[in-house]
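After this come two complexes, each holding chain A, first together with chain B and then together with chain C.
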Partner chain A sequence: MTAGTVTRAAPEAGLSRAGRLSQIRRVRRPSVLRGFVWLYLLWSLAPVALAILFSFNSGSSVTEWQGFSLRWYVGDPYYSVLHDPALHAAVIQTLRLAVLTTAAAVPIGVLFAIGVHRWRSRQASAWTFLMLLAFVMPELIFGVGIFLLFTNLLTIVRLGTTAQFLALVAWNISWPAIIVRARLQSIGDEYEEAARDLGASSVGAIRRVLLPMLFPAVFASVVLVFAGVIDDFVIVDLLSSNAQSQPMSVIIYTLGAHGGSAAAPALNALATVMFIMSIVTVAAGWAVYRLLTRGERHRAEGLSLSAFTGV
Partner chain B sequence: MAGGTVTLNHLTKRFGSQCAVDGICAEITAGEFFSLLGPSGCGKTTTLRMLAGFEDPTSGQIVLDGEDVTHLPPNRRKVNTVFQHYALFPFLDVRANVAFGLKYQHCSKKEISQRVGEALDLVELAPYQRRRPAQLSGGQQQRVALARALVLRPSVLLLDEPLGALDARMRRTLQVELKALQERVGITFIYVTHDQGEALTMSDRVAVMRSGRIVQVANPRAVYDEPADAWVADFLGVSNLMDAVVRTPGNGTRPCRVTVRSFELDARGGTVDVAGQVRLAIRPERVILCGFQESRANLIPGIVERTVFLGSATQVIVHLAVGVTIQALADNASEAASWPPGTPVQACLPADSLRVLPCDPAQQPGESRQAEPAGEPASAVSPAS
Partner chain C sequence: MTRTAEAGRRQAGPGTRQPRWLWPTLAVPGAGWLTVLFLLPFYVVLAVAGGTVNPLFLNAVPIWNPLDWQSGYVRQVFSDLFGASAFLGPSVLRTLLYDALASTACLLIAYPVAYFVARQAGRRKGLYLVAVVAPFWVSYMMRMLAWQNLLQGNGLVNHALTVAHLITQPVNWLSGMPVTVILGLVYGYVPYVIVVLYAGLDRIDGSLLEAARDLGLGRTRTFLHVTLPLSRQVIYAGALITALPMAGDFYTNTMLSGVPTTNMIGNVISSSLSTPGQGGEGAVLVLFLLIVMLAPMIWYVRSTSRAESGDVL
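This part shows the complex of A and B:
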């Protein structure tokens, strides 16, 4: 080959037929696979997009576009989210459960993680395994079990907000426990030891050194628990008693299944509100998390969601 | 700042069935630069952690300035540590890092500010005091770690291989700086390392550790020139070792006469008064290579296997007639450096440099040997390797 000619990479002469074939295939882009992924995304998100679109519909049809309006959010005096008492109460209930659960589950989970991390023994690994159960066990089984517990054994706890709160906390402790534990393991023991060497007591070392270093992980746990409770359905449905204790997810299901067409557009609005709540929580949390950990990213992890969720 | 005396009494640490530290005893005088030297797994880091208070000894005692601190938690000992990976708090800047421990000494704000300023001047990092640790180089981080420990005015400073994470040039610079700092500040430094060059350069005394025991304690020159046994001889610098049988044991006046195969040699170094099977040790830089015609004492003929250019000298590898291959160091400009492989030569092993070492460790005169009293200024020793 003379200088100046452009050569294309050709398969090596020494390879077998299969080897040469795979070399050729590697060069072509996987367009079929890509098309399939786009199709799937479209198919799963199209209904959501439609619901959001029709929540801004000025008429009460869910199939025919009649114009843009915020009627179903604030305008309509009977059926809008703001005015309909049932829908209004649902929004409040969702937020109430989300805030309460986060405020309880995150501190307990963080303390659990710190405790298990210090307590090195086989018992400790058993407890960690227990925390992982929430990730692999179907929520329905857990929900039914808690339901039976509260109706037969711990009948002092009536179904309703209290029961929902207790069950949600138990279910969501796993998030901070696992995320903070993973973070602790990557931090290592050196900083705590350094703090104690410099004069801090055990508790002082946790407070002044460990907790500040754990802040991104704690923050990620807060975001995930909060978003998880907004979206939760199974537990809150099983443990709800009357209309007061029905959060958005349950109301949408109930009214959507049995309510009929009159309520439908308001439900779209409610669903959109719920969707926006989740998205905003996660997006804001993600942005703040990346801001907090900007000093630590050196590899080309990019927008690695796995770093955020700790999974 | 006044240095602290440390006494270790039969300090032992077991992890399950494994014995990491096996009853070591040592007396470290105030203001001394004391090194714990040994290969990985010899127990030196465990010993340091027990001194700091992070591990509870299985048995034994640690006495600091006359006070038994064996079971005191780390925050109550007048001892501070410089960790191998510095452990600087990443969310605080340099100034806040250095000031961290002062909170527990109940100082006023003014005093804190003053002491932090002094410590930063000591390590020459005052211009960087508002930076975060991530914005500093390895050597600078190490100095922050030093300042953070020294600002608390401990009696003893423990250093756990602090130069391990730095490149060779930075290491050499910081070795000199650390030594100068220690002399200026005057407190006791206990330094853990596996790098024998480091230990020899900086220490007043070196404790060579092996498998949880202290094998020899002496100043660097004594540990290098008069190793207690063959293992220490081989660990510190390069040593040429060969087996021999004693013909006539020596005493104060006459040397020990040994036989290596059919050759007879005189040896004046080491334990000359033993009999039976022994090992001979000689440093490469003491071996004199001469031509085949020369006649001297203690000559063994051999053939040059190869020469290796080391930069500052040339290493000549010679296969001797007794069946052993030895290394010799020759000046780059000398004749020996240019002999091609296969040249017949003679290796002269001068009697004064030839050490007799007992074969059986049980024949050793004792666990720790102190060749000279501590406190003498350490002379810079350049090891062969």
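This part shows the complex of A and C:
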């Protein structure tokens, strides 16, 4: 961060010749790179843009434009997202799982992060390690494990929404835990100490001082978990029991994988609904996050990307 | 009130003045959830892998006592992998090949993009960043669906190639074409690599690069001798973040090919769960995958937590 300021301040400070030369070079240089980046952007965004475009097609093709319509969203009495019971149920199932999982995983993860951060023992680092392992575990391995758990040991939990919820929470605890842990490390202990020196109880210090300071991080994890559940596929696919418990990603997969169904643009429409849900979540989340961290904009620049991508 | 404060002052060090039980208690729900729903499943996988099969209903019969574990499934998978009728061998080789090619392509695409955004984008950095990271937020399934649209028999790709006179007949891209699967994998995973690489490249101290330049290194040599070595760690991390999940990917393959000739190990595992009598083999294969991946996963956890604590200090 300091480095950035130094380079930016340099032109005003009057540069040496070599410095000015490198300044000129820096302006000239990116052309090839920039072209590459633009090609990449085209390649990465155009297919999605076309998929969205063809969800508004009035015909049933996803390759030939026949005019604008909302047929595949609301108009068509059989195949539109609104009227096809499978697509309709999928939207509701995705929303239900996203809300439930976020409501459970975020508080659990936040408390977990605070707990292991202050606990300071070998056990605490073992738990942290377990949490991080859950974070990097390939989803298929976790998914198969939890599928076998629910079908062989905890058979009391039937496959379906309950199983999906339990598994998604386990899978998503790591997000809030990692983000809040990073935030706790940067906050340090001083504020809480001060609160207690001024007479707050330990719980009071957490509630009155620590939690408000953690709020941006908590909020970022709400956004991440919510958007992550919308996008999730492997776990919900393995644990869905019938059409009612198949969220949007699973419907797109099952209908999409077996070749063009009659309602191909309806599938595009469903994907677009999903797209809008994630983008709205992230964009609103980003805006609120920036508002919350207004006082520390300088830090927030770097922090918000990492907070919103989890890296 | 004063009593608490006094007590606080008397004791030494942070973290000692609260009741001992407080912090562990906060961690209990998370720890419990992870134990039952993350750790316990691995034991179930072991029990199923070491178990037998119900000859009538063909469902897996797990054996819970480790001392009684059978080796039937393990031997069966072993012969499927390396034996005379090794029908799993090609899937494993294909997984390795596709994974290696796609991860390499991801790095080759992601590095210049991340480098540009982190180092060269100038005032529009924020804008580029948003554009580059945008696919990260588009659902994976949607992105695969988008390519399915484009690669159809009468899709835009065939259309464009016909117009350009590169092909005369429409190519059947969506059935058994390794190149399509690899493209799908690259397309699906490259945003993750960009984010990881960007975070690492953005962290490199710009004054080091200035110094290299001032000391007379050219652009290429500055890159080769300063930037590249400094980003080595993050390149490994970027490679891992694609290579690990790709090895367990089955949906990209199903969406963009869907025939056994491009099957990867993930397809074998996921179909074993729905095929009666194959649950045990699926469990063994999952263990196999886990064993292969455990070391890189632990390396990744270690290196990221080290980087984190380095940042704080």
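Everything that follows uses one rule, which is that the second predicted complex is superposed on the first by the 269 of 311 C-alpha atoms of A that agree within 3 Å, B and C clash if a C-alpha of one lies under 4 Å from a C-alpha of the other, contacts with A are read in each partner's own complex, and residues count from 1 in each chain.
The rule is simple: a contact is a pair of C-beta atoms (placed from the backbone, for glycine too) under 8 Å apart; a residue touches a chain by one contact, two chains touch by 3 or more.
This is a predicted model, so every value here is computed, not measured.
Asks: With both structures superposed, pick whichever of chain B and chain C touches the larger number of chain A residues.
Replies: Chain A has more residues touched by C than by the other partner.
Asks: Regarding the shared-chain residue A:Ala194, is it in contact with chain B (first), chain C (second), both, or neither?
Replies: Only chain B is touched by A:Ala194; chain C is not.
Asks: Could you say whether A:Phe219 touches chain B, chain C, both of them, or neither, answering first, second, both or neither?
Replies: neither
Asks: Please indicate which partner A:Leu50 is in contact with in the superposed arrangement: first for chain B, second for chain C, both, or neither.
Replies: A:Leu50 sits against chain C, while chain B stays out of touch.
Asks: Contact-wise, after the overlay, does A:Val209 reach chain B, chain C, both or neither (first, second, both, neither)?
Replies: first
Asks: Output check: A:Ile230 vs chain B and chain C. Expected answer is one of first, second, both, neither. What do you get?
Replies: The second partner, chain C, only.
Asks: Of all the chain A residues, which ones make contact with chain B and with chain C?
Replies: After superposing on chain A, chain A residues 193, 196-201 contact both chain B and chain C.
Asks: Spell out the part of chain C that touches chain A in their complex, as residue ranges.
Replies: 1-2, 4-5, 8-9, 14-15, 17-19, 22-31, 33-35, 37-42, 44-45, 47-48, 60, 62, 109, 112-113, 115-117, 120-121, 128-129, 131-150, 152, 154-156, 159, 174, 187, 190-192, 195-196, 198-199, 202, 204-208, 210, 213-214, 219, 244-245, 247-251, 254-255, 258, 266, 269-270, 273, 279, 282-283, 286, 289-290, 293, 297-298, 300-301, 304-305, 308-309, 312
Asks: For chain A, which residues are in contact with chain B within the complex?
Replies: 190-191, 193-201, 208-209, 212-213, 295
Asks: Would you tell me which residues of chain B are touching chain A in their complex?
Replies: 52-54, 73-75, 79-81, 83, 85, 87, 89-91, 100-101, 103-105, 132, 134, 148-149, 152
Asks: Under the definition above, what is the set of chain A residues touching chain C in their complex?
Replies: On the chain A side, the touching residues are 2-4, 6-7, 16, 18-19, 22, 25-26, 29-30, 33-34, 36-37, 40-41, 43-45, 47-48, 50-51, 54, 62-64, 108-109, 111-112, 114-116, 118-120, 123-124, 127-142, 144-149, 152-153, 166-167, 169-170, 173, 177, 182, 185-186, 189, 193, 196-203, 227, 230-231, 233-234, 237-238, 248-249, 252-253, 256-260, 264, 267-268, 271-272, 274-275, 278-279, 282, 302, 305-306, 309, 311.
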